[in-house]
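Labels for the chains are A, B, C and D, by order of writing; each one numbers its residues from 1.
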Amino acid sequence: MSALPAAAQTADASTAWFDWSRIYFLFVLVVLCGAVLAFIVLARRGMPMKVRQIAGLASVEDAVGRATEMGRPCLFVPGILDMNDIQTIAAVTILERVGKTVAEYDARIEVPTSKALVMLAAREALQSAYASAGRPENFSADDVYYVTEEQFAYVGHLQGVMARERPAACFYFGGFFAESLILAETGNGIGAIQIAGTAQPQQLPFFVAACDYTLIGEEFFAASAYLSGEPDQLGTLKGQDVGKLIVAAGIVIGAVAATLAELTGSDALRGFVTFLTERVMS
Amino acid sequence: MGAFLVQEWWIVLMFLASLAPLLHRLATGGLVASLRTLDRRWIFLLMFWAVAFPIYYVGVTGKTLPEVPGLLAQSTFDEIERLAPGDPVLLAFDYEPSSAGELTPMATAFVRHAAEKRLRMYFVALWPLGAQMIDDVIERVLTPDFPQLQYGRDFVNLGYKSGQEAVIKVIVTNLRELYTTDVRGTAVQNIPMMEGIASVQQMKLIIDVSAGTPGTKEWVQYAVTPYPSLRIVAGVTGVSAPLYYPYIPRQLHGLLGAIKGAAEYEQLVLTRYGGENPNPKYTEGLRRMGPQLVAHLLIIGLIVVANILYFTDPSRARR
Amino acid sequence: MKRTVPLLIASATGFILIVAYFVPPIQAWSEQVSVWFNILAAVAFILGGANLLGNHLKHISDRARGWGYSVVLIVSFLATLVAGLGKIGVNPSADFPDFAWSGTYRQIGSPFWFFYEYAFTPLTATIFAILAFFIASAAFRAFRAKNIEAGLLLGTAFIVLLGRTFAGVALTSWIDPAVWSGFQYFTGLRIENLTVYIMAVFNTVGNRAIMIGIALGIVSTSLKILLGLDRSYLGKD
Amino acid sequence: MIAGMKRETLIWTIVMVLGAAGLLGRAFFSEQGMGREYVRAVPVANGQWTQYDGATYTDYLRAEQAQPGQTVVQLSLPRTVGLWLAAFFTLAVFSFLWGDNPFYRIAEHVFVGVSAAYWMVVAFWDVIVPNLIGKIWPGVVQAWALPGLAGPEAERNLVYVVPLVLGLMLLWRLMPAGGWIARWPLAVVVGTTAGLRLIGFLQGDFLAQIRNTILPLVVFTGGAFDFWGSVSNTIIVVGVLCCLTYFFFSFEHKGIVGGVAHVGIWMLMITFGAAFGYTVMGRIALLGARLEFLLDNWLWLIDPTGRRVVATMLFGLIG
């Protein structure tokens, strides 16, 4: 159970067709994915999927509506990461949902990107949004454009765009780093409604402090499901909840066992805790 | 201080003149009412002076604030101090110019400390521009102050490799699979100090200067966690420091956070090796603590004022 | 063909990589794929550059508002590009003097280096630095103890800020067992210790929960992509 | 009120312009002047070319003192122009804090242009040449840009035809018709991302964080009950559970669930506050570095690193 035999085991496994040291991991993977899949199936069979309100998402439509009234554009920033990050892919999915609202309101949305691949994907998403809103003719590929790879040049450009075009609604979804507060404070200076969502823990404080609504971590990934309102999308959220229940159960069982082991000094309990942490969760 | 203000009267004059309109408005328009409608550009201006004035003061007089090293800086220092001359250490420079303001003082102090200890230094970079940062520090510290140290014998710049954390995973078991040459194009087998170095595991210590991803977290996850005999200390930016606390002390053996960490560590290195009149390049962090203090006090003051305004706001009760 | 095939491609590559994690002979595939991604991203630069050029040329030919700035942009873009790709002013590598192209494109003193050193570097660092101003204005506006949540946010930030300066340390240095022996139970309240405690306990709690949540979100998002439920990036036919 | 504002702004602007002019004048007409860059000529490759390394004013004066009229350390006109450009860009970006203006827009457009091209050049020389062309046609790059390529690195690897084909499909976007083919490489990227991140996050973050949270609520250190250790562990375990409750999507935040979720939000807020406080440090350091650039490198008003030490000494002698 120490580090050495485990390493030896891995070495043995390199010639086999299955890495047995990862069997517990496979188990965890199957359980978590299974929970999500099960709820997708249940949703398709018509089970009602009720989820709680998330204030930030309920206000997306208001923000777009306000922009329309004021005759100003919306700004959508998909973060500074490339398509090899799930946050960016989630942002593109959210863009399609937000874009649909924009198309329905006949508002204008501008999507500057920092990566060429993101530009391609965002164009596809926005075009499809306009099509599903029944306004394919209003889509303009020029609204989604590439700026530059460099983080701060991109931010400098966004600042300029905000100061000049004064968007009434700003959406920041994706992977953000130091630019989070620059964007949020510039947006605040022009009086825009700002909704942000990211999975970069260290940037959340700035969005929380300076934006009107912030989706924290998991909420950000849930946004596309919420905005779509489709039953099987909502089902995946229920699946995630089951995942959290499993986590909570694991922590409670583990902590109780560890506490008892500490109090009683029982080797069996200690062994169980070690098995849990070093084998199952290694 | 008084003599400084008299001698540099013009900066005092500019300070007062630039704030005169604000003071005028506060005096005539009512203190609380004016503060409530304060244009944020006045805050920007205050911030400017809070940083510019101490820099000028420190720059002209050369005085710095005394620094009391904290626990983490002390353990970082001890990790390097306990090594013996000739021990190999890996210096990973995972940052670029945009964070150089915060990290250069640490990089300088780390390299100086390692050079004073006569450790063998292997430089690598996981960020494309990290290789340039390495060259900078070699040119700034090793070339002028340690001319007896030879490239290839005492230190080597292995340069940047793309692949982010995948690089760590590979070099922790086999350094030469990725690093076939150094940054100058010399084959690794022709570099004397590479003899006997097959992987990162032979390093007595990993010193990481990190501005984000890939960086300290990845070194901890992919090098130290699977090979617990490895030890690592890191100098990181203020924004990323909170993320690393959970790894202390089992997976991360020393941590310098932001300019404060740099200043504390500089103080330790100076106390041990400094001499009376240290070269200014080794006190960069200490110098920066002056503006740091005034700016922190300004922000604290702003928060206090904002809350007084909030709690005395008559419209608050109605809401 | 336009949408089904890519969907199948995405699912297949994703599932293969998941399986590869458990099958030792093909575990290295995941690293291979990362290298491929870097190549694709590099090729995509051509698309990005073409888009940038096209946009600003259009601005100029339309005489759109502020078209002069587009001229500035295009000139700086092309100048940097030509200087870098052409390795203008770069000497061959000292080890291979006969190979004209063997020098490094970053050579100090070359035109490309000039753009880097005197435009790129100061601009990056300065845009980064204006964050200090925004932190001050955000602190003044947003850090008001309107409710318990905001109060906690501001209180913690306050303690950490104070603890990181020499003033804060001086403020609580009187909690010292040497002053009164009873203080030995309260040294944890000294501001520098309080900071470490906050970072090690509360900060760990928050970050941990956020990270677990994010991981679950990523699992479910990835699954939706592999199942073809999330396919915005492929557009409509 | 508006008239008052305007007068205020006008006065302020005049004061600042006068101040800036005074500053420039003071720096310019001082004994040593301001804002010049020097270089040192170093012969390379047996004198076939000359390389120009950066030098300080101190170096120049020393060289002149040793041998008047020498040509090794010289004033560099291009670098002096560069320095002034850098100062202009710095001030132009700061001017955005006042409001959008033509200077900022020039800086912004230059930056976008230069940086877009910069990263294209980096991608070409660091990725396309070694990792694509070099893998498929190693002979070509060997004869052209990478003569040092040798060993296993120099062997042809036809697997790289796959990214080449995918790349060409991507570029098909530029063609008038059939742009949809670019969706294929995009699908490969998105599919691999989904697969890799699914595994990566479950293993790296998810399991590791749960594992670290399995802690005994009661801690004994050396046989004695450790009160603070127990409190910390209890806060961590209970806190993580409360925060997880906050993230539940199935229940409204009401009743008991609401209460627990609220404790979770409090924990998150403390986390955010701590991170905010920590970050302030780093950002102020960056501002300090920029202001130091203006005062030191450009205006030559302060000299913390001794670039002009001899200068003052010499002039002191003359004066």
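As a convention for this text, a residue touches a chain if its C-beta (ideal position, glycine included) is under 8 Å from a C-beta of that chain, and two chains touch if they have at least 3 such contacts.
Only a predicted model underlies this, so the values are computations on that prediction, with no experimental measurement involved.
Looking at A-C and A-B side by side, the one with more C-beta contacts is A-C. Of all chains, the one whose mean C-alpha position sits at the greatest distance from that of chain D is A.
With centres taken as mean C-alpha coordinates, the chain found closest to the middle of all protein C-alpha atoms is C. Averaging Cα coordinates per chain places chain B and chain C 18 Å apart. With centres defined as mean CA coordinates, chain B is found 31 Å away from chain A.
Chain A and chain D have Cα centroids lying 25 Å from one another.
Multi-chain contact residues of chain A (touching two or more other chains) are listed as 29, 32, 83-84, 86, 89, 117, 120-121, 124, 147-153, 156, 164, 178, 201-202, 204-206, 208-209, 216-218, 222, 237, 240, 244, 247.
Residue positions of chain B with contacts to 2 or more other chains are 40, 44, 47, 51, 98-101, 162, 185, 239, 242-243, 246, 258, 260, 292, 295-296, 299. Along chain D, residues 93, 96-97, 105, 107-108, 111-112, 114-116, 118-120, 122, 127, 131, 148, 170, 173, 183, 186, 189-190, 192-194, 197-199, 202, 210, 212-213, 240, 244, 247, 268-269, 271-276, 278-281, 283-284, 286-287, 289-290 each make contact with two or more other chains.
Viewed as a contact network, the protein chains are fully connected, with every chain touching every other. On chain C, the positions that touch chain B within their shared complex are 31, 34-35, 38, 93, 95, 106, 121, 124-125, 128-129, 132-133, 135-137, 139-141, 143-146, 154, 157-158, 161-162, 164-167, 169, 192, 196, 199-200, 203-204, 207-208.
Of all residues in chain A, only 3, 151-152, 177-178, 189, 201-202 touch chain B in the complex they form. In the complex of the two chains, the chain B residues touching chain C come out as 38, 40, 43-44, 46-48, 51, 65-68, 70-71, 97-101, 132, 162-164, 166, 169-170, 184-186, 242-243, 245-246, 248, 258, 260, 289, 292-293, 295-300, 302-303, 305-307, 309-311. Across the interface of their complex, chain B is touched by residues 8, 11-12, 15-16, 19, 22-23, 26, 97-98, 122, 126-127, 131, 148, 150-151, 153, 204, 212, 271, 274-275, 278-292, 295-296, 301-306 of chain D.
On the chain C side of its complex with chain A, the touching residues are 18, 21-25, 27, 34, 37, 40-41, 44-48, 51-52, 55, 66, 120, 123-124, 127-128, 130-131, 134-135, 137-138, 141-143, 153, 206-207, 210-214, 216-225, 227, 229-230, 232-236.
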